[in-house]
Amino acid sequence: MKRPQVKPWAYPGRVQDFPLGSTSKSDHLVSINAGWRTLRPVIDHEKCIDCMKCFLVCPDGVIDKSGPVLEIDYDFCKGCGICAHECPVKAIDMVKEVK
Amino acid sequence: MKRPQVKPWAYPGRVQDFPLGSTSKSDHLVSINAGWRTLRPVIDHEKCIDCMKCFLVCPDGVIDKSGPVLEIDYDFCKGCGICAHECPVKAIDMVKEVK
Amino acid sequence: MIEIRWHGRGGQGSFTASRILGAAASVYGGINAMAFPSFGPERRGAPVLGFTKLSREPITDRSEILNPDYVIVLDESLWEEGVTLGLKEDTVIILNTQNARPYREKVSQRVVGADVTAVALEVTGLPMANLGMMGAFAAVEDTVALEAIHKAVLDAMKPSVAQKNIEVIQRVYHAVKEAL
Amino acid sequence: MIEIRWHGRGGQGSFTASRILGAAASVYGGINAMAFPSFGPERRGAPVLGFTKLSREPITDRSEILNPDYVIVLDESLWEEGVTLGLKEDTVIILNTQNARPYREKVSQRVVGADVTAVALEVTGLPMANLGMMGAFAAVEDTVALEAIHKAVLDAMKPSVAQKNIEVIQRVYHAVKEAL
Amino acid sequence: MVKLNAKTLHNEEYFYGHKACGGCGESLALRHAMKVLGPNTFAALPAGCMAAVSFIYPNMAFTTNAMITPFAATGAVASGIAAGLEALGIDGTQTIGIAGDGGTADIGFQALSGAIDRNDDIIYLATDNEAYMNTGIQKSGLTPYGTRTTTSPAGKNLPGSVNQKKNMFEIVAAHGIAYAATASVGYLEDFLAKVAKAKETRGTSYIHVFVPCPTGWGYPAHKTVSLAKAAVDSGLWYLAEYEKGAFKLNRNPGSFTPVADYLKAQSRFRHLTEEDISRIEAARDAKWENMRRQWQG
Amino acid sequence: MVKLNAKTLHNEEYFYGHKACGGCGESLALRHAMKVLGPNTFAALPAGCMAAVSFIYPNMAFTTNAMITPFAATGAVASGIAAGLEALGIDGTQTIGIAGDGGTADIGFQALSGAIDRNDDIIYLATDNEAYMNTGIQKSGLTPYGTRTTTSPAGKNLPGSVNQKKNMFEIVAAHGIAYAATASVGYLEDFLAKVAKAKETRGTSYIHVFVPCPTGWGYPAHKTVSLAKAAVDSGLWYLAEYEKGAFKLNRNPGSFTPVADYLKAQSRFRHLTEEDISRIEAARDAKWENMRRQWQG
Amino acid sequence: MSGVKRFICGDEAVAEGVRLARPHVVSAYPITPQTIVVERLSEYVEEGSLKARYMHVESEHSAMSCAIGASSVGARAFTATSSQGLLYMAETLPYASGARLPIVMMNANRSIATPWNIYGDQMDAMFLLNSGWIQYYVEDAQEALDMMIQGYRLAEDPEVMTPVMINVDGFVLTHTYELVEIPLQEAVDGFLPPLKMPLNSMSLESPKSLCISAGNDTNMEFNMKQHFDMLRSASAIEAVDRAFGETFGRTYHGALEAIDTEDARVVLITAGTVTGTARGVVKALRAAGKKVGLIKLRVLRPFPVQRLIEALKGVEAVGVLDKNISFGYEGTIFTNVNSALMAGQMSPKTLGFIGGIGGRDITKANLEEAYGKLFEVLEGADLDRVQYLNVRCDY
Amino acid sequence: MSGVKRFICGDEAVAEGVRLARPHVVSAYPITPQTIVVERLSEYVEEGSLKARYMHVESEHSAMSCAIGASSVGARAFTATSSQGLLYMAETLPYASGARLPIVMMNANRSIATPWNIYGDQMDAMFLLNSGWIQYYVEDAQEALDMMIQGYRLAEDPEVMTPVMINVDGFVLTHTYELVEIPLQEAVDGFLPPLKMPLNSMSLESPKSLCISAGNDTNMEFNMKQHFDMLRSASAIEAVDRAFGETFGRTYHGALEAIDTEDARVVLITAGTVTGTARGVVKALRAAGKKVGLIKLRVLRPFPVQRLIEALKGVEAVGVLDKNISFGYEGTIFTNVNSALMAGQMSPKTLGFIGGIGGRDITKANLEEAYGKLFEVLEGADLDRVQYLNVRCDY
């Protein structure tokens, strides 16, 4: 999976340890979005024809195409269902999350 | 001459006598512009063909056409010379002001 | 002072419920109330909080609720999203679930379960659990009368919709009462 | 402290002259100087004022000049426009005119006349009297040397233009000196 | 309606005794706009020469209701006046915002756009003297390419302003405004007619009038009207209207007078080379080709 | 240049982990704009949903340089970044301003116009979800006629918004901008190509992308892309370009899908009557007639 | 004459108050946490319960400019904003006050960027303290509603003719629901009659030039008149509140409310909602025998110097709670209060407390701590003059 | 190393100072009385003596926003404005200071509308006192020039990293010509090296997110850091001025200059050009045996509390001259000074003098009168706490 990873972060110990200015490093994720999801997209790799449409339409960019099969970054997928809706062969199922 | 006239005005006697808000009556001239003029337009009524072009082009609107002949409000004429320049029959002369 | 914290997802109406409960208490129940949402950049889908304060004394303190007396959870999938923060020994958790048992094992506090979504779906055709949760609350805490809640619901929406929701509330109330 | 008030019309360069005089005094004359225009919504054609302060002591006071030692008038048609305001007994009025006599009758102060426009026209081909007035000033008040004025004029414009103006200044200076 | 011209125009003045420079083209445009609109006009002027010379306490040059607005706010204040009058049920009035090129194309652009977007019943008169004159001739968004101003100096390295003149007329038209026109104080009858049309229009109207400024452009004051005409005759400015979604050229001359005559009469252009002038001519020709093709089609 | 599409597009993400609603069309547009522009991009976003969800300390969603600007200042801040980079001699970068419809057509309109006027080398991406979403779905200058928003309620007396959608694309074109285009997240390949073209353009480019918002429009999140496509297919939105002074329609369908299908899928339009819908259709037809006549001519 | 009671939020209360005041023109631009106000007003206009022009302007600068235009012809105008919006319209505030236009504006107090933050503190309004607007700060939704009505009555008082800004703490008040009594329209109409054509209005009968320029020969006197009238409005503030009480049975004690100050050794001064929390703390401390008092500052301009001096007579230590920082100095209200103490030639110990920045909660415990510090100072402790409440880390 | 001397106006001196500081980007919008500054800068850019991008922006809000953009990538940015322009860009000032961007801005102090007025008073800058910008006020053209150079050195000090506003009184300084020494470029280059990539800059090496949002969990700490750094910048202000003196042979005594205060019974506090007039008055009064002193306040933020307390030790009456009015209260500097006196637990008599509003002249006679009033107060006279200078009519 080639996607930005969550970084460890702790509340600054002193006021002076806060960043200079209203600034932060970019590429700095400290929390995931999985908790937003009530439905979970699951790709049926059998059905999938590798058209990459789902990769294209995902607003969160969580579908990774660098591996042999498409992989979803479930840490950041919000379960919006666009991928499933747009998949030309209905290879993606939205299934209820249970935690 | 049908043109707005200069009004008497005196510096308010007390702070409270200043207008309420940054306000004034409109149509309230207290000083004339004659002092701006180094040249003075003089209409040769003989030459004039009453085309009213000078009336039209004067930026200060000081040429009055309500009377039998055109009349210039010298209190507010600035001596710019547009009237003379635009007069089709050169009926207006710009003459040096002497005060 | 009774302090209630509501857990929902943006769009699930948890704050609406917290507010209607406040209206019920204050307009129809003779109890002072204050209700406010969690204020944040949260978007639809994100876990959000709502708060209700109830008291016989005038409420002038607007500071946050850190240690709620009741935690009302609209969707059990939110359990991981801070439900157990700041609980007191005697905090009561009211949870929308088919089965509260596993949650009881996770905390020492009392967990009251109710399958509000099922009731709502049956009565209104929609899986909106927010208002029904008031029925569960009224069943365990009698400060705000069911009657008052009904009136507040009637004030808040079209009569036809209100009636259905009142039915949900009532059914949840009785279900919880029975289970107690 | 010598305080000078310049009278001109917007566009006639009275402030330029007041400024160059200040430069002459301070950069080349070893005299402290300050120069400033009258600040107002005046437009081209309107009567405007310029001011120069000269002093052997440092000048730190920026308040207005109310009672000038010299009043320099670039255009006699401005006589009615406040030339006589705030005059002291010993204020000297330096006036650009062909004939100063009638003005001498109007005030008790000394009036120095010079036909600067004529000189300027002759030398530069333009009826700009502003710089020439410095020559008249230098003739009656020797705080700022003619030499220093020349240098300041050279700093302020193209050499060819400067040279002509220096000639104007010189000729006016001598004309006034002679008439004194 | 009677055709407005030197003869038919009434003798009343509603903008009088102001302290503008002698020969100011902008004040000429204002004078006539006020004459056409009449005594029940409420005028809103932002900072700019016209405001600066007309409200110098205790000397007030408007005889009608008038006010200065914040520089960025002409459109909004005019909208507010119109809305207030409407809400109070005061009928038979006319609200006009009158702003310079800077006040229109730069800092007041947004408020103008907002007013058009709401289609508020106001007239917006843009008086274009191609620079910030009140503050001393700085470059604005309507300063043409190659103009010397105090912030676009011409010298060894720069030819004066390097930006193109913002096309306010077409920008405003692209808003789908009720009525828009260009005008010039060199063609005063055309201007009078356009103000009259704007007065009749319900919803927002916009008139962009070209107004020479002797002080800022560097020419003797008596040439204001003839230079304004020369700009049109040389094709550097044009008279047009936009109405009901369509453009119209009001003057479409067979040939143009030389632009050099117009440019060289002004010190702001005196530094321009032959080459610069050819470039300006080429741009003019391209513009006219476009206008003729698209608007006359 | 390789045609950008689902297959050719690289796998890197420069805008990731943001807190936008699930299915947010605006975030989809940003994601792809950043992908095309690449890691050396400096992004300037004013207040709006995208800024609100991407810079929540300590959670930063851009992997490149990026900053929030004052709401009114996208164009100016982007200009400043580009000028600063140029002055420091930092090459090979790309500066993009990314603002919503409100940030573009209303409060940021003037700064955008200023940037185009200076022809600064920046890209301006307007993400149009037809209302102020970040503050809770208020009417903006780009909210279409008949839309229910929280400040243009639909009821007995009003049909929702009573103003027309401001025509930003043509307004920007009337500025004589170097490159402008409209796009939609319903036609992503077209959008990718336009961003790539803007990247190549020297001077200012403007892309106006249509981005459905499930939260503000009232539809289930999975429909974002298909609704964006429906807007184009029904003719209510169009794909076009303006380049070298000329307009071009990129899609010119023989027939349109019914607008009602598009409108009725969204709660913001649910109150519209048959009559309203016919009126909307008529307006669409007039618009297309114009575009076809003038741009295809 | 008492109205119905409804459970609504602060923003809704403001909207109700505005509706009752019957403005002719509402021009506003959305910004959190003000939006609910303008949303409700647009709904009232749609449904016809408010007969006003609702103007969708393209920015806050235009919102106020539009209100200025409307007010300048004698129409009653309303706008509302917050934070960045207030600063974006900053230029127009002294514009309106100099013109003496009786506009009323609600400001939802919110933090200022950068960093961005949508929560409530009072930095925004402090920026505009010099703007010539009368500034109120309210404690709860009822007061927010009532002050809309009082605001117009005060602004339009011929002796006052000054715009009024009502500050409502963001979220903790704007978005917090509580029971509010909605006054009856008839009662409000009696209290707040239609605006009579003011002296400074443009009108067909007497054409005016407005927002004119005044050179260095007169400008100072124009400004002094404005200043003197504002100083004098202090008594109108008391009178309007008294008259409100006569009609509606509620008053707010004018420019400030002094709570348990008579015999207090130690007094805390607050503005806005934190007063509510402080009330509880004072009650508790009093119950514990501590001689503490509280001053709720309702008006910051005109600054109620005399009332403050009176209320602080004999007090040994004064604390001022600021939900703002004037960077490089201290809290702004603290500075203002200190100057008032100099005016009264009083020299109690003073401490500034800065809290609630960017929406940080101010708890009972924080305020107890503040009172505690004031007592410490009395006992001779040498504490930093400015204290920070509820900080999350060391400093 | 002394440079050439030229007879130039304050605006030209500012432009010379800016040219010597070598900014990369100049973005500005014209407004009287600032225009000469930007005109000169555009000429320098044209002629090539200043290698900067000159950006013709369409408003002041954009002028500062442009500077923010440029500064955020580590470029040195300059802008200048005045009055309405300063208020129009108000929103962007705390924006830049929160981001800790070392921008330097010249503000030509001018009155604020309405009424409109182009002359000098200091109401404009007082509005922005809370903006997180360091604020200087200068006395003459030399100081104006020098402070442009000091301003960048201070703003870019890694410990300070705070934008600096240099206030230059409109017309009496901006448009007044006097002899000014233009420092040598080499000397300036030595004193002010190129800006090293600051920690908070966007850069390709270390991509940053700027002007982020900080929720109620962290915003207060961000603001406190900014505040503490600004408080600490007080020492950098002294150090930079000292270092300047070492290079250029002139210093300005840091945050304030105390003139004849040691044994003074009565002290007047001034900011800006009026100090020059006051110097003469003090000299004359001293010559007449009166124990008078003068404090020239050069910096209003960070407010030099400690230095003020020291300088005022033993003083029996303090007068503060304000070229501004905080409507409904008093002069703003007066308020600030009073609070500092409370901090020092000092209780001299204090009087506020308001003068120079809308360009009204402040003469020697006016200042003599002010000193006279302070002595009267010492002798027990019960004067109004706020006095007005050079008023043209009764009040």
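As written, the chain order gives the labels A, B, C, D, E, F, G and H, with residue 1 at the start of each chain.
Note that contacts are C-beta pairs under 8 Å (C-beta built on N, C-alpha and C of every residue); 3 or more make two chains touch, one makes a residue touch a chain.
Please read these numbers as outputs of a predicted model, since none were measured by experiment.
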**Complete:** At minimum, the number of touching-chain hops separating chain B from chain G is 1
**Request:** Count the smallest number of chain-to-chain hops linking chain B with chain C, moving only between touching chains.
**Result:** 2
**Item:** Approximate Å spacing (C-alpha centroids) for the pair chain E, chain F
**Value:** 33
**Asked** Cα centroid separation between chain A and chain D, in whole Å?
**Response** 79
**Distance between the centres, which are taken as Cα means, of chain H and chain E, whole angstrom** = 39
**Message:** Using Cα averages as centroids, what's the distance between chain B and chain H in whole Å?
**Reply:** 46
**Residue numbers of chain C (touch at least two other chains)** = 39, 41, 45-46
**Prompt:** Using the touch rule from the top of the page, what residues of chain A touch 2 or more other chains?
**Reply:** 11-12, 15-16, 21-22, 24-28, 36-37, 78-79
**Request:** Would you please write down the residue numbers of chain H that are in contact with two or more other chains?
**Result:** 56, 58-59, 61, 84, 88, 91, 95, 98-99, 113-116, 118-119, 207-216, 218, 221-222, 224, 228, 359, 361, 391-393, 395
**Request:** Can you check the complex and tell me which residues of chain F touch chain E?
**Result:** 105-107, 109-110, 113-114, 117-119, 141, 163-164, 166-167, 170-171, 173-176, 245, 290, 294, 297
**Item:** Residue ranges of chain H in contact with chain G within the complex
**Value:** 61, 84, 87-88, 90-91, 94-95, 97-99, 111-119, 123, 126-132, 134, 211-224, 226-228, 230-231, 233, 301-303, 305, 324-330, 332, 334-336, 338-339, 341-343, 345, 347, 350, 356-361, 385, 388, 390-393, 395
**Complete:** Within the complex, chain B is touched by chain D residues 9, 45-47, 75, 77-81
**Item:** In the complex with chain B, residue positions of chain E that touch it
**Value:** 5-7, 9, 11-13, 15-25, 27-28, 31, 55, 57-66, 188, 214, 220-226
**Fill in**
The answer for chain G against chain A in the complex is residues 113-116, 391-395
